[in-house]
Amino acid sequence: MLTEPVTSLRFHRLLLTGAAGGLGRELRQRLKRYCDVLRLSDVAPLGEAAEGEELMSAPLQDKAAMQALLKDVDAVIHLGGVSTEQPWQPILEANIVGTYNLYEAARINGVKRVLFASSNHVCGFYKQSEVIGTDAPARPDGLYGLSKAFGEDVARLYHDRFGIETACVRIGSSFPEPRDRRMLASWMSYDDLERLVMAVLTTPVLGYSVIYGISDNKTRWYDNSGAAHVGYRPQDSSEPWRAALEAKQPKLDLNDPAVIYQGGAFVRTGPFDNNA
Amino acid sequence: MLTEPVTSLRFHRLLLTGAAGGLGRELRQRLKRYCDVLRLSDVAPLGEAAEGEELMSAPLQDKAAMQALLKDVDAVIHLGGVSTEQPWQPILEANIVGTYNLYEAARINGVKRVLFASSNHVCGFYKQSEVIGTDAPARPDGLYGLSKAFGEDVARLYHDRFGIETACVRIGSSFPEPRDRRMLASWMSYDDLERLVMAVLTTPVLGYSVIYGISDNKTRWYDNSGAAHVGYRPQDSSEPWRAALEAKQPKLDLNDPAVIYQGGAFVRTGPFDNNA
Amino acid sequence: MLTEPVTSLRFHRLLLTGAAGGLGRELRQRLKRYCDVLRLSDVAPLGEAAEGEELMSAPLQDKAAMQALLKDVDAVIHLGGVSTEQPWQPILEANIVGTYNLYEAARINGVKRVLFASSNHVCGFYKQSEVIGTDAPARPDGLYGLSKAFGEDVARLYHDRFGIETACVRIGSSFPEPRDRRMLASWMSYDDLERLVMAVLTTPVLGYSVIYGISDNKTRWYDNSGAAHVGYRPQDSSEPWRAALEAKQPKLDLNDPAVIYQGGAFVRTGPFDNNA
Amino acid sequence: MLTEPVTSLRFHRLLLTGAAGGLGRELRQRLKRYCDVLRLSDVAPLGEAAEGEELMSAPLQDKAAMQALLKDVDAVIHLGGVSTEQPWQPILEANIVGTYNLYEAARINGVKRVLFASSNHVCGFYKQSEVIGTDAPARPDGLYGLSKAFGEDVARLYHDRFGIETACVRIGSSFPEPRDRRMLASWMSYDDLERLVMAVLTTPVLGYSVIYGISDNKTRWYDNSGAAHVGYRPQDSSEPWRAALEAKQPKLDLNDPAVIYQGGAFVRTGPFDNNA
Amino acid sequence: MLTEPVTSLRFHRLLLTGAAGGLGRELRQRLKRYCDVLRLSDVAPLGEAAEGEELMSAPLQDKAAMQALLKDVDAVIHLGGVSTEQPWQPILEANIVGTYNLYEAARINGVKRVLFASSNHVCGFYKQSEVIGTDAPARPDGLYGLSKAFGEDVARLYHDRFGIETACVRIGSSFPEPRDRRMLASWMSYDDLERLVMAVLTTPVLGYSVIYGISDNKTRWYDNSGAAHVGYRPQDSSEPWRAALEAKQPKLDLNDPAVIYQGGAFVRTGPFDNNA
Amino acid sequence: MLTEPVTSLRFHRLLLTGAAGGLGRELRQRLKRYCDVLRLSDVAPLGEAAEGEELMSAPLQDKAAMQALLKDVDAVIHLGGVSTEQPWQPILEANIVGTYNLYEAARINGVKRVLFASSNHVCGFYKQSEVIGTDAPARPDGLYGLSKAFGEDVARLYHDRFGIETACVRIGSSFPEPRDRRMLASWMSYDDLERLVMAVLTTPVLGYSVIYGISDNKTRWYDNSGAAHVGYRPQDSSEPWRAALEAKQPKLDLNDPAVIYQGGAFVRTGPFDNNA
């Protein structure tokens, strides 16, 4: 069951990329309440178009397809691309070339507002005993985080030169519920995700902003006070799952980099080996 | 209907300047609950003195009158002076000469605490995509903001040299309700205004403090965490008016300086032309 | 009546030093809900051991006794030592030698997490018109505060060299209720104390952290946003006592160092005289 | 004997206000080497016009006269106004009204670069044991410092709104030689003054900048590293006078506010008394 | 004529990429004094190998070739890649894929120190009236700057995860002499370039560092005080060219973005048009 | 051969503690030029008193002896105590109890200025790839560093409460010449030591200051710009020894904590073992 609409502002056409992914499927149903047309894209199957939906398959690395995709769009929620640690080639194509293509397409089509789904893995090498703000420089924990750091810089460039506004949302862990003790800190509920997306789309002036995508969790590593102008106020918390998760993981190995650093297991996995 | 009194502390005599203005009339009824005598001044008519009220007409630029006005006063709520963008001469007289006269009168009469009604226009040239703290340097957006920046410096001087404590309250937009989308960020309810005024008057040690006068709005450009010692906790929000205001102004021109900067229309209006 | 347990995590053996003191007696009953064995130590009498309690009398300055005390302990809540301004000798023995002994014992016994009861008197020479963060350098207001600043540095050393995690909890004023207007800012309820202790013990990664021990008071001098990773969320406030305390102390002498500085009366009392 | 010209850039017409004052007379001879016409103004007599000089008597509080004064001027070196602690009225007229008039005249005449002679008394209430940067907020030590703080805010406003570039030069103590031990820190030689003035006039982009006017003294309270874009490199030092000045003032009273604070005697003198 | 060797430390084999470019040719002759073998690579012709030189042609986008290139190398001076604003495809291949390949090759071959030739265009959107430090976040001014920002993030990742040390040298304008007034601020002499390269190669601990590559120019936008551990002390200055350059460009258009921003003409040129 | 006297100011009686140590013997001959009487103390033999010298043997832990030692003294240069990593007991007695005794003696005898020989080991756990300022919080690397951090806090307390001025001089490595590559960064010549001591003694207002004791070395980890008010300008450098030291230590093990951290070997040695 969805939360109440959080704004009465309506858009004519919103574009949601990565619409077949986990968060994409969730936002697909939520966003249509705020626009006449919800354009959806992915390289994975998107099923049937519901009323008010437009489906387009546009590979991110295909410049022409991307330019077509952003035509007549009011704003973009860019979830598309690789969202886990993977080898360099798919990350290069989808996240690096793809994000460049997205912003070029936005520039050419005059699209002025983008929500860029960045990631906590942009700053995965900060410690779990640190609290970082919206001005924390990138410390990526792998190739995926590196590609998201690149995307934030692309957004910065297109803001400074072309006035395109972006919120780089460094998403923590957005799932139906938190899955381990790390997520007690990093979790964001789907309802809070919707609140955050709509805050980004409707705040009068967004500029170039960085904001962390987490719920109002009791334990936090992130401080969003530098992004108060975005107007995101989470209403959920990981607290109800605390007991169960603490029971499941009563002990943590404090010598494990996955426990020491905010990026969790990403800081020690990935496509790195000596025969790569 | 007024809120519950927020403190049981009582003053013998409080002075409210600018008592005939919009906020002045509102505070007139609220402050009398906290003092034996409420002295009111303005150059505009103040009507009849109610019980417990003293009316005095003291032009701010009249040094002698100001010294009489502050006699036997426990604390001052200084709303007096010009509160909109106007030509230089009235701003000079009321806000620059007037504020100097007020602090000289406080010094001579031994008055030790002042609430100085400063303004968001002291820092109107910060962007609506920025969040500024209580230490943000002045970036006035016109002559009015400039005069308020001057007032803050007067307060600083009289604190450092003579120990007079002041809260410079950078008031956002205090009206019965927010009037446009900008005020979703800058609005302060009258009840919160009262909370803020009484916090300033009753906090044990005020020193020289800057604090923003806004309600607990979802979208904000101001961060009051540096003024937590003042003890102001807003309880209202602009949120109930969001839908109506967004409906009235669904589109904003992001190239308009009045949208880009926090000062709103003040940043592009005022008594500046080439034949001035 | 105790609050609900705030975590389901259980420890085998917790050590509470200073268990016969004011906060110690309070925590004695609360902590036993979270562990199989609660080891208690003090130099003052501890009465009978209840079920699940172990009593040990270990003078802090006795190195061997301290090493025995920390044997087989999962974590330490170190309240032991002098907790008021006193002459140098007892402070030296209990707080300086004692804290060193405690950390040496932790190191030798492999104990990896400590709650160090630091104090607001570590930073007592900041002003009551200032708000300080968790990174505020020590400005001790007397020998007691000095010894707590030393303890924080010991904790830092043992973290950097040996990986022992500590929260230095700069406790404000933890009593059943606030006793004067200063405590409107500095007070911490016993329930919030329990919340804070358990947050420190159960947060996945603590590192070396400083956090202020106060409730969610309206007026505050401390900003805990730098310690959000600890997960302490106070639920109480000094507000219900405001009226009574303001009535008792309607006037404060703003020239009194005890009013000017956060340390209160500590800044002007203590074992300092010219024949010392 | 003058130093070598520090730039080969030439201006058609420079305006030097306050040309009859101490620094004005010094700059009068130095500046003419850099321009075709040096326009000089003061209310005090300026003697005969030398070749390449234009003399104009323009009271700063006379708006029309000021607008005439800035006609056809490439840049302004604004030394005019009161330069010592004085009663409010002359400071108001010359420094507050006068500086406003100057910037209005610059705006109307299209003059785009101003050197505003600010003062160390803008920040006279910092301590002599502190080092402050170019972003130090104003802490004026009297009415003179207050008026200079106002001037800095005027400059800020006219930069943000109208693109007029200003260097606010917080001049220390510019005399032929340092006169007391305080000036070992605050002194600026006349040659360094010239270097600073010409750096301000010729740096490609000045923006709104604050810079301290001191020589390369061994002891300093000011850090100009935030103004490196201005290109001022002092070449003199107070050091040669150290021995003589230390001999003259071997003891300083560390309880004297004039010794404690950077503003020196200004922090405790001025037109403040209880019968003012 | 070369400067005296700045260190007596010798390396067995250094790798210089981009050895056929402007800076590459300059460093080719200078670096051979510090190593037994100087390996040189470029895709452009490198001429004959002199004694002590090894020539290898390794396209940066060729992963296998890069892994061969870094074999048995003590340290890398990575000048290779595109060094001007160009279309996306060559920048993607040489600077993005190429830098990733370089660090992968370093990781696999156990090379532990890299000088990464970054650029002032990483932060080209700061203003010429600002001074930025070594912690200034990227504000790239075009695709070239964007690719260098990416390279800095790659270096950060390989430091945090694999301990490879890098100095990201944000090179200003390194030419035989400064060519325009902008370069009075941004110029670095070839002798200073050599000093900087050798400081980076020989400082005991480099970590992940950012440092600006400029000479000791009088006017500067960059503050290297955060990189004092690198030990770079420039000895040259753009000052001798000042008069000639100021004569050539006596007027600058302060409305031209190329004058306003540090990146110069890069901020308004490049491969951006609406039919791209 | 000594440097020229750096000031003509003279003191009646200076006290030098630790006068039999390495730096003590060096300063003994240098300081006598600046005072009528140089009082020297140590627990080790001091030889014969030269003209103008007073010898007193005062164990630092002997409160009464210390109070006698500071009688009729103008200022103290406190080098006394343990200056290497040692077991807890001697450090406790000489550096902790001793420094407390020294400041108590200063308070009782009205001595108002102290140079406290602190140490780089107060912040030994910062990295050699970091540059820290005079506000860097303590990160001691062992018991010696811990005791010096305590001494800095004692100095802070006696300044805030009793107005005693102190410079905490975090001495790097002061020897006739640098001994290894680490000392290229941390070395201070004896002439610079004298310059620093006399700057501390003669600067008009010292307050509570922290300053690093290093020469003008090319490679540095410390930034003294926050202490410019002290007036210390080093004139020596470790550079002349670079070649010899680099030849002696061409390779450093970057996995060795003694190379990684500023404290050098102190970070991994000392009286810590599991049977302590």
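So that you can tell them apart, the chains are marked A, B, C, D, E and F in the order they are listed, and the count of residues begins at 1 in each.
Going forward, a contact is a pair of C-beta atoms (placed from the backbone, for glycine too) under 8 Å apart; a residue touches a chain by one contact, two chains touch by 3 or more.
This one's a predicted model, so the numbers in the text were calculated from it and none came from an experiment.
Visitor: Starting from the defined contact criterion, work out which chains touch subunit D and subunit F both, please.
Guide: Common neighbours, subunit D/subunit F: E.
Visitor: Between subunit F and subunit E, is it the same set of residue numbers doing the touching on each side, over half shared, or a different set?
Guide: The interface is built from different residue numbers on each side, given that under half of them are used by both copies.
Visitor: Hey, how far is the Cα centre of subunit B from the one of subunit C, in Å?
Guide: About 40 Å separates the centre of subunit B from that of subunit C.
Visitor: Touching two or more other chains, which residues of subunit D qualify?
Guide: Each of 225 in subunit D touches at least two other chains.
Visitor: Which chains touch, pair by pair?
Guide: A-B, A-C, A-E, B-C, B-D, C-F, D-E, D-F, E-F
Visitor: Along subunit E, where are the residues that touch subunit A in the complex?
Guide: For subunit E paired with subunit A, touching residues are 88, 92, 96-97, 100, 104, 107-108, 125, 135, 137-142, 145-146, 149-150, 153-154, 156-157, 160-162, 267, 272, 274, 276.
Visitor: Quick one: which bits of subunit A touch subunit C in the complex? Just the residue numbers, please.
Guide: The touching residues are 127-131, 181-182, 184-185, 218-223, 225, 242-243, 246-247, 250, 252, 254, 259-260.
Visitor: Per the contact definition, I'd like the list of subunit B residues that touch subunit C in the complex.
Guide: 7-10, 112, 163, 165, 199, 202-209, 225-231, 233
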